[in-house]
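Following are the structures in question.
Here come two complexes built around chain A, the first alongside chain B, the second alongside chain C.
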Partner chain A sequence: MTQAQVKYAGTAVADPMTPVLFEVGKIKRELSDTFTLELISQSGNPFSFKPGQFTMLYQFGVGEVPISISGDPLNPSKLTHTIRAVGKVTEAMMRLKKGDMVGVRGPFGTNWPVEAAEGSDVVIITGGVGLAPLRPAIYHLLANRKRYGNICIYYGARTPEDILFRKQLEKWRGRFDLKVEVTVDRALAGWNGRVGVVTKLLDLGGFDADQTVAMVCGPEVMMRFSVRALNELGVRNDSIYVSMERNMKCAVGFCGHCQYGSAFVCKDGPVFPFSDLEEIFDVREL
Partner chain B sequence: MGTETLKYVISLSEVGKLLGNIKGQGFHVVGPVLADGAIIYDTIHSIEDLPSGYQDEQEGGHYRLKKSTGRRGERDALFRYTVGPSSWKRFLFPPEQKLWKAVREGKSFSIESPKEKPPRYAFFGVRPCEVSALKIQDKVFCNNDFQDKGYAEKRKKSLVIAVNCTRSVSTCFCRSMDTGPKANGGFDLALTEISDGKNHRFIVEVGSKKGSKLLKGIDHTLAERHDLSSAAARVNSAKRAMKRQMPKDAAKILSKNSEHPHWKDVAARCLNCANCTMVCPTCFCSTVEDTTSLSGDVAERWRRWDSCFTVDFSYIHGGPIRRDSAARYRQWLTHKLSSWHDQFGTSGCTGCGRCITWCPVGIDITEEIKALQKGGK
Partner chain C sequence: MVKKTDLGPILEGHPFFDGMDEGARKLIVGCAKNAVFHDDDMVYKEGAAADTFYLIRHGSIALEVHTPAREPLVIETLSNGEILGWSWLVPPYRCRFDARAIGVVRAIAIDAKCLRGKCEKDHSLGYQFYKQFLPVISSRLGAARLQMIDMYGDPIAYAQKTQAVEKDTLPAKPTPGKVKKAKGKKS
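Then we have the complex of A and B:
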């Protein structure tokens, strides 16, 4: 893990609590409440990260929030985040304009097991904005397509209007070496696709349960049902990876907020093999 | 620990000199002082500032400090009370701390870290359980991946003058946590007071090079056998008086009983006041607050102590994770005594008993563990 290097008074001092400045570059409105920011480093240094890692993004005077990196790990000159505006900080970020500055700390946390998955089939199950933290993993898989067996991307959204990265999903769907399926909870006029929960897509198969690595990201209920469905198909818990969300104030193990059982989600997660969580995942309000 | 195993004797006046020497070296000396009827830790300038002849009485939800009216040795003693509501963590990990300041410059802004030089602290009168607490917080703030800069800088430069306990109160249970009543490493010097009404003296144990240097600056003699046995007897009486204990397998009891009905029972008594987490010398949770000046051009980020007993603590979009007070109590106790082992290879509890004394309804963690053990797995 890298620590933010902050320059002040002429010396570079490693202080993991102090953000470094990034300039807002391209902004893309993805959905009515979701947008993607490209951030440009002031130092010109590339921002290397692993798929699944996150940063702490600071909005001047408003606050700081954990946001996964949604960009291409092979192109670290741009730091990309996809954010859904749900509250104080993220709503303020939706008002950012090209040329504005934000603070960044990170990257933090564990990553999707893209290397360990080499030689296996990969199934990605995700819902809503949960696709964003998985996009770097998808970029990686596609860039190294030959190293993997079958790859399935199963994505669920509330309505057709909530489908994130829709163009990209369509493009990927057009590839012969990928199985991409999208479903919505509630269809709107003009939707000819699938309707139903994302776990139902697993019935479509497309992977060999004995040698599959599953990557799951979405609301906890959705992850619970996905793990159950995967188990029923014969995928073992140590081959299933989930990304957890907890309140985070520091991202470096100091503030205590992100604790989940014995784990600090910020350092020991956010990506966990489900086998590490199987004993606590169903405990309420842990 | 230092290589020296020899112990020395110094007189009361040399303790005063020691304090003066430490101060003379530019340390900001902090020690026990009397405030609002309790012993707390604050700046001291000389030995005159140390409360003398005081004894405390502690019980679940109860603290009382009184001046000894007993034998002369008791009336003169400097360290016959145990720990009060404050702990040393407030100096290394302050209750509120400015992390940095951001200043707007047109469309951009810059971030400045505080420029004040951190003080060099000398902690004078650190009890054995508190030496353990310092070691525990070191693992939190200087963890394998990250260092809290403010904490690390202050800690590195600080001096620890420990004082072994010759008296315990009913809430102490350091004996069962193996953290006291005698300090085992983690100090520069450790003193054991012998106040017998005749020859008020202190046995000194050297724990570091810095400690050894300090000792050279004061009059000291090699401790003789009767000095050592007198000191040992005093520490032993503190040990023997300790009735409360934490079950040895507290970690296991907790890790197996997250669904125990007893959590509801303790939640019904707990007021969620967070007193226990504030007085606990190892609790490290914090939150951050972002403030802006009226003009909106200057923003600051502050870190403040937080507690897992607040509902907001676990808030994520959609609502807090730990809504129920039972879930919050479970988090505190399970973290302290069980998951702490997984995270840091040690218990998060030193057995200081503060959380028992300062709980307004007298909840006793040793009893709660026993209750979980009874009906549990």
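Then we have the complex of A and C:
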């Protein structure tokens, strides 16, 4: 599997620098600082994307931010983003109401290797809001379940109250053909689930290291330790994919804000095979 | 009820004993017995004598810190195949946290006091034990450090708290200096 195989051919819009109008169809508060926006295209055209890609969302009069798509790629009539309010733009977006308009550019970037992973076991390691960019990949895996070996979803959150898509995780956990484990960093007595770091879930196994494609998304420190843990279990770096986050602005590799080594995260990423990053992943200055 | 003599194969199959020689395992069987805990049972309390450690065969145990006027905080859960308790290796041999069963837990309880005596007499056995326990201690220390950094917390809020960074400024950017006063305006 090479990076070229997971690259997406191009963007769906004619001019990637021009935002297209979308209407807010639904807004759902997921956590105290995290919400999901369901957007409906004003043109009526379906919005096709591949799991792992992102868009540039424009809040008029405030600014533009890169947000990964968190919806189902098989349902292109709705464009879904799950957003954590951590700045002026995303905080303004949290105040959006049904019927408000936003601008959308994209989709941009590389995707999770869901096609290249066919025939292999798939292990998904994710933490915090990092589950959102992986959810489209999970939808794809489940829609094509027979094409994959074992599928494990290992998710970590700060506390039980911070578990994203909790009902969905519980539903997935009820399936016989899926291993879903959740852990939190801390909890009060009464929480009957696991407490501990997400990498510890890998000790539960459920996949054959030689035949596994791992998809990892979360805070960079979490990804660093997850990759190490996967390596210790025998998963090779060219079978591990990570989603990187940098200061993306233009989203088409012109402005250079998201340069990461010799790559631009917006154009060459955000999903990279770890083998392409192993030389620079630990370079603190990048 | 499983007899003591039947515990040999069970110990052999427990991941903790991977790589341990048969002689050492046989010695441990003499100090081992079955234990069952029901939901919410306290396995041990902070400050109690650390005279027993447990090999969890089935179920989960929460390690908790008790603080007055607050609910106990669960700092880690341990489950199938894991070891509960290593304070018996380190003076003053007191448990450092509370341990509480979550649901039914089946475990093998090892008389640590007896084992300490055996290790003291047979340094080769003691060395083997430390070799088995050290990776457990190291991995828990690493995990505790990762939990401490609050990696899923809001990075901007953390930077603001610790470095006075403006909102919407990525942590990687330089911390902005004080805002200059506009010319011609009196404060």
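Just so we're on the same page, the second predicted complex is superposed on the first by the 271 of 286 C-alpha atoms of A that agree within 3 Å, B and C clash if a C-alpha of one lies under 4 Å from a C-alpha of the other, contacts with A are read in each partner's own complex, and residues count from 1 in each chain.
Going forward, a residue touches a chain if its C-beta (ideal position, glycine included) is under 8 Å from a C-beta of that chain, and two chains touch if they have at least 3 such contacts.
Not measured: the values here are computed from a predicted model.
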- Task: Please work out whether A:Pro19 is in contact with chain B alone, chain C alone, both, or neither, and reply first, second, both or neither.
- Result: first
- Message: Under the stated touch criterion, which partner chain does A:Met222 make contact with: chain B (first), chain C (second), both, or neither?
- Response: second
- Task: Once the structures are superposed on A, label A:Asn247 by its partner contacts, choosing first (chain B), second (chain C), both or neither.
- Result: both
- Task: Based on the superposed arrangement, let me know which partner A:Gly87 touches: chain B (first), chain C (second), both, or neither?
- Result: both
- Task: Considering only touches as defined above, state whether A:Met101 meets chain B (first), chain C (second), both or neither.
- Result: first
- Query: For A:Gly52, is the partner it touches chain B (first), chain C (second), both, or none of the two (neither)?
  - Reply: neither
- Would you please give the residues of chain A that touch chain B in one complex and also touch chain C in the other complex? 86-87, 247
- Enumerate the contact residues on chain B facing chain A in the complex. 99-100, 102, 104, 107-113, 115, 140-141, 143, 145-149, 258-259, 284-288, 290-292, 296, 299, 301, 303, 306, 308, 313-317, 321-324, 327, 331, 335, 338-339, 342-343
- Message: Under the stated contact criterion, what part of chain A meets chain B in this complex?
- Response: 1, 3, 6, 8-9, 13-21, 23, 60-64, 86-87, 99-101, 103, 245-247, 249-250, 252-257, 259, 261-262, 264, 267, 280, 283-286
- Message: Please output the residues of chain C touching chain A within their complex, sorted ascending.
- Response: 60, 62, 64, 71-77, 79, 100, 102-103, 143, 146-147, 149-157, 167-168, 170, 172
- Hey, which residues of chain A end up touching chain C in the complex? 33, 84, 86-89, 127-129, 156-158, 162, 183, 185-197, 199-200, 218-219, 221-222, 225, 247
